[in-house]
């Protein structure tokens, strides 16, 4: 480098993908338009993939006939019941495992052994126990929600900064108050994260359970439409599921924003 | 009140961390505790404060606690240990809950300590909205609110940047001048120890033993003056000689041999 | 007081008749009918004592429960009897055009059934045995429910399904399928039974006896009303049938019209007698398929003492 | 507090649940024993829940007859194929979205819209496209794996410490080398975490897909056994699924330990 | 080499951070850069090093680069910025990759700088196995390995505890005495600036302007002696006066107004 005098070159650019909300919306709209165009020109045969407007009109038809609400209502009832049951029980066990050595020693091996089982596999057993009706489906969902909630709650309690607990102890705060004032609020973000996963598992399970022997529910709708090659109804059902997923995720997001304002 | 440790020793499993520590913290004084990394300073402070059960020896408090004292031995933590989900005022309130004081007195005490630490305008702010220096001020306010007999501070300023540290040192000096709280102050920073403490206790490397207790013979208010600079520099050099070799060894020690 | 678990199908008719005509009351029994969604749970409910009696078709699941000594068959329900259309083989029009015209063409085809070990599964198995093809050459798709099966056939995912006459005829009328035969034409068999728990046959033997007596009276009524045929073998329904149809309409769900009832009524032995040798064959077949435990013994699955004489007793 | 002289009380106890491996194993063994005892004494009727030894012997019988290996082999083939396909494609898209603004703008809205759909609901559509055979099942699994992998890869790339990238730039490292030497290794932990989730989703999906119209596979085994009320076979199938889940999780754990030795 | 900034200004969006900075870093000197939090010190260093594009003004290097210089402007980072998945030797190697030097020379250079920083025994260790002080030594070794014309250090010691910091200060002094590398050294710590720098540049609060450049009139080797303590204390007091008010204001500034 024999240069006697040289400007300092700029070398800090890149690796900073910006969100570009605008481009995202354009891209999304563009995809929908391209899809519609491909369908209209016959490039994408209706038989294999319905056009967006066909899906919309299928939704409208089903809504008018009430079929939509029947399927949606059935699925939502199952999810809500199963989710509440499973989340409540999972929370109790998870907190206990996070706080008490004994609960952990007994609970953890069981949870670890049962966690990797896809809960849908328990549906046949639950049908034997509870019959083919609602109970077995709700129980499947509850089980599917129970385990991730319990594990998330335990992990969240483990993750509560020990220094905060020691701090409270150093001020003479009694143990029960420490649970309420330190452990629970500190574990809340992790628990909500666990519930988010649990909710998406509940959605998978309700779909699968409804596909395996239910008359109503979005899962039954989708399978039936698929078997009848009614692709417009099928994709409409898939859109419903996507919306349900987005709604749940939005709901938990709302909860997070309310409960975790301090973050 | 006085805090007296007698023949205190501690082991974590097979690791001997402290051995035969006899220390007497005098009423109203600030005792700085220095020593190489890992020599057991935090452990000793924990034992003094009743947060760690010593393997050997005993600790006791002597004298009459100050009026309105709710928690004789009170900590100020290096990492501030604020509850992120509580506002500044509610964080200070934590130490007052579960103690027999009325709602009104609690409110008055909170207001008083927030004013004292210059946080009056931030009573409703959450910790994430504060700078590091302000967070530690909340930690100090919370500790003072319970009117402790002895304040235990474990490197309270070491998580702050140099400028904020100097500022808080000045404020601590002011608070001590007013409250005259007995204080044990753990630090790595010799300059800080010489700036704040009445006496400096030096621990040897692990297992920590009391190597020396050094009186700082200059009134706290005058230590900033250039006239005393050579003397402080000498004290600094003396202390640094006592721990430099061990500090170097500790720094070279592989933190996580694996 | 007794309870009986049943499906809301025409095939449960003797129970409905016995209750409506007061035959149970005359035996001093107060019988409550509990409806189930599927055959399987009825067997479980009887085995666990939730209900005292059950009446449904016989499946692999039933035999497995019976093999554990929990259940005993005591009388007959429907059977595939020559001349009485009950379950038919239905193929898609496309498969029909392509040459799927008789039951001997099943090898290489895809067939929708409800579940493994269902009566439909057994029907295909019997065809395989009778016509000498390998059951493994037929691709059986378990689709769990009858609506799924119908949908799968309409969608062309399977070549054939088996359906009760009423639904099969409806589909053929709509042009959605072709009936290529009826089960009774190829493999008559004992399709369903009335059963109770083993403990009932000992501890409450007299109650079971009274129940069976009332049931058999209703079977006789049923047979008198629905078994008539004219000279050409075609079934005819007279005034006795018209008298019973409203009773069936009251219980069957979804409520059928008279013609649908007529298309659905199967053959039920007038004296409630079981075709015992056929039941032995069924158990043997399920055992051969590995669907029923090898230690199962058909003999222990029935208590033949409640009727004077059953049919076809093995030596 | 009028005391002139008082010992300092210990107040730092608790909130430190210890793992107690020992107790865990004892608890686990105890549960198995209790289960076996309840079964043997007839407290737990064989009809509803088989005893552990009945499950073991069902496994032994199925293994001897080869049925076990047929079902297991079928499921594993489907999982492996679907997982490899989905993970590879997901990785590519995820990395692209993490690095390039354009890929992010286009990819993110699509991924966000399709992510919440339970992929099992796409099975009927995939059956229409690919027929009822293997392809549709493998494709369902691949889709189920694709999305979490893509999202995890993107998030992991986002999470790579920007200061490390700036550091490399300050030494004049070219952009392509930064991708290889900084971005990829830095994103690896997050990617492996995503693959862990993807694997458990693959297990759920293979089970559900096999329950909906398959002759072989562990899902078909479980559902068929339920229909035949062969509870011993049913629970044996569930145990197989649990073992498969543990095996996958162990495998990824192994991979993590090899690739992330530096942690 | 000399590093010369002319009329440098910078804005982040609407926020003006630096205005009209003219600075000349002399060959072989160590220039400390101090100023209140958020005044733009890091931004200025980024602009000097070519990592941030200045909104106004220009920066240039003048003179002949040292022999074997691979990367004229080289950073040492506050958070060390080590690749956790590379061993110590491989971390040092990063700066040598993608430059036209042979395998053998690369190996020699790595060994040389590891020996110089006392890391010879830790060539194969991963960063997580090192203490904070050792990690920063790796950062320094990596920077020296490329034989930079100017070393840019952004608070390189502020993430370390006080003892380790003093140790590394001594080592830095030793290295500079040998290598005489031109250095720009950002710090919050006035004592550190006075201990290490030839000149101290003081920035005003945001938008940062050059307030003063102060020469330290004592040879670096002699600064520890008590004889010079009063003078250093005076310089310290003078600098502290210049930034204390602004530092206090910055500390009170709510970090995340929301």
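Note that the chains take the letters A, B, C, D and E in the order they are written out, and that residue 1 is the start of every chain.
Following the convention adopted for this analysis, a contact is a pair of C-beta atoms (placed from the backbone, for glycine too) under 8 Å apart; a residue touches a chain by one contact, two chains touch by 3 or more.
Predicted model only: the values in this text are computed from it and were never measured.
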Treat touching chains as neighbours and tell me the shortest step distance from subunit B to subunit D.
1
Would you mind checking which chain's C-alpha centre is most distant from the centre of subunit E?
C
Per the centroid of Cα atoms for each chain, what is the distance between subunit B and subunit E, given in Å?
31
Roughly how far is subunit A from subunit D, going centre to centre by Cα mean, in whole Å?
15
Inter-chain centre distance, subunit C versus subunit E - centres from mean C-alpha coordinates, in Å:
89
Averaged over CA atoms, how far is the centre of subunit A from the centre of subunit C? Could you give it in whole Å?
43
Touching two or more other chains, which residues of subunit C qualify?
40, 44, 144, 152, 157
Any chance you could list the residues of subunit D touching two or more other chains?
11-12, 48, 127, 166, 169-170, 172, 212, 223, 227, 229
Multi-chain contact residues (two or more partners), subunit E
49, 51, 73, 128
Chain-chain contacts as defined at top
A-B, A-C, A-D, A-E, B-D, B-E, C-D, D-E
Complex interface listing, subunit A residues touching subunit C
127-128, 131-133, 212-213, 215, 223-224, 226-229
Footprint of subunit D on subunit E - complex, ascending
49, 51, 70-71, 73-75, 77, 79, 81, 83-86, 94-95, 97-99, 126-128, 146
Subunit E contacts subunit B in the complex at 36-37, 118, 122, 125, 128-134, 158, 161-164, 166-167, 187-192, 224, 226-227, 229-230, 232-234, 237, 240, 243-244, 247-248, 250-258
Footprint of subunit E on subunit A - complex, ascending
1-2, 4-12
Would you pull the subunit D residues touching subunit A in the complex into a rising list?
11-12, 14-20, 23-28, 31, 48, 97-102, 104-106, 108-110, 113-125, 127-129, 162, 165-166, 169-170, 172, 175, 178, 183, 200-201, 203-204, 207-208, 211-212, 218-219, 222-223, 225-227, 229, 231, 234-235, 237-238, 241-242, 244-246, 248-249
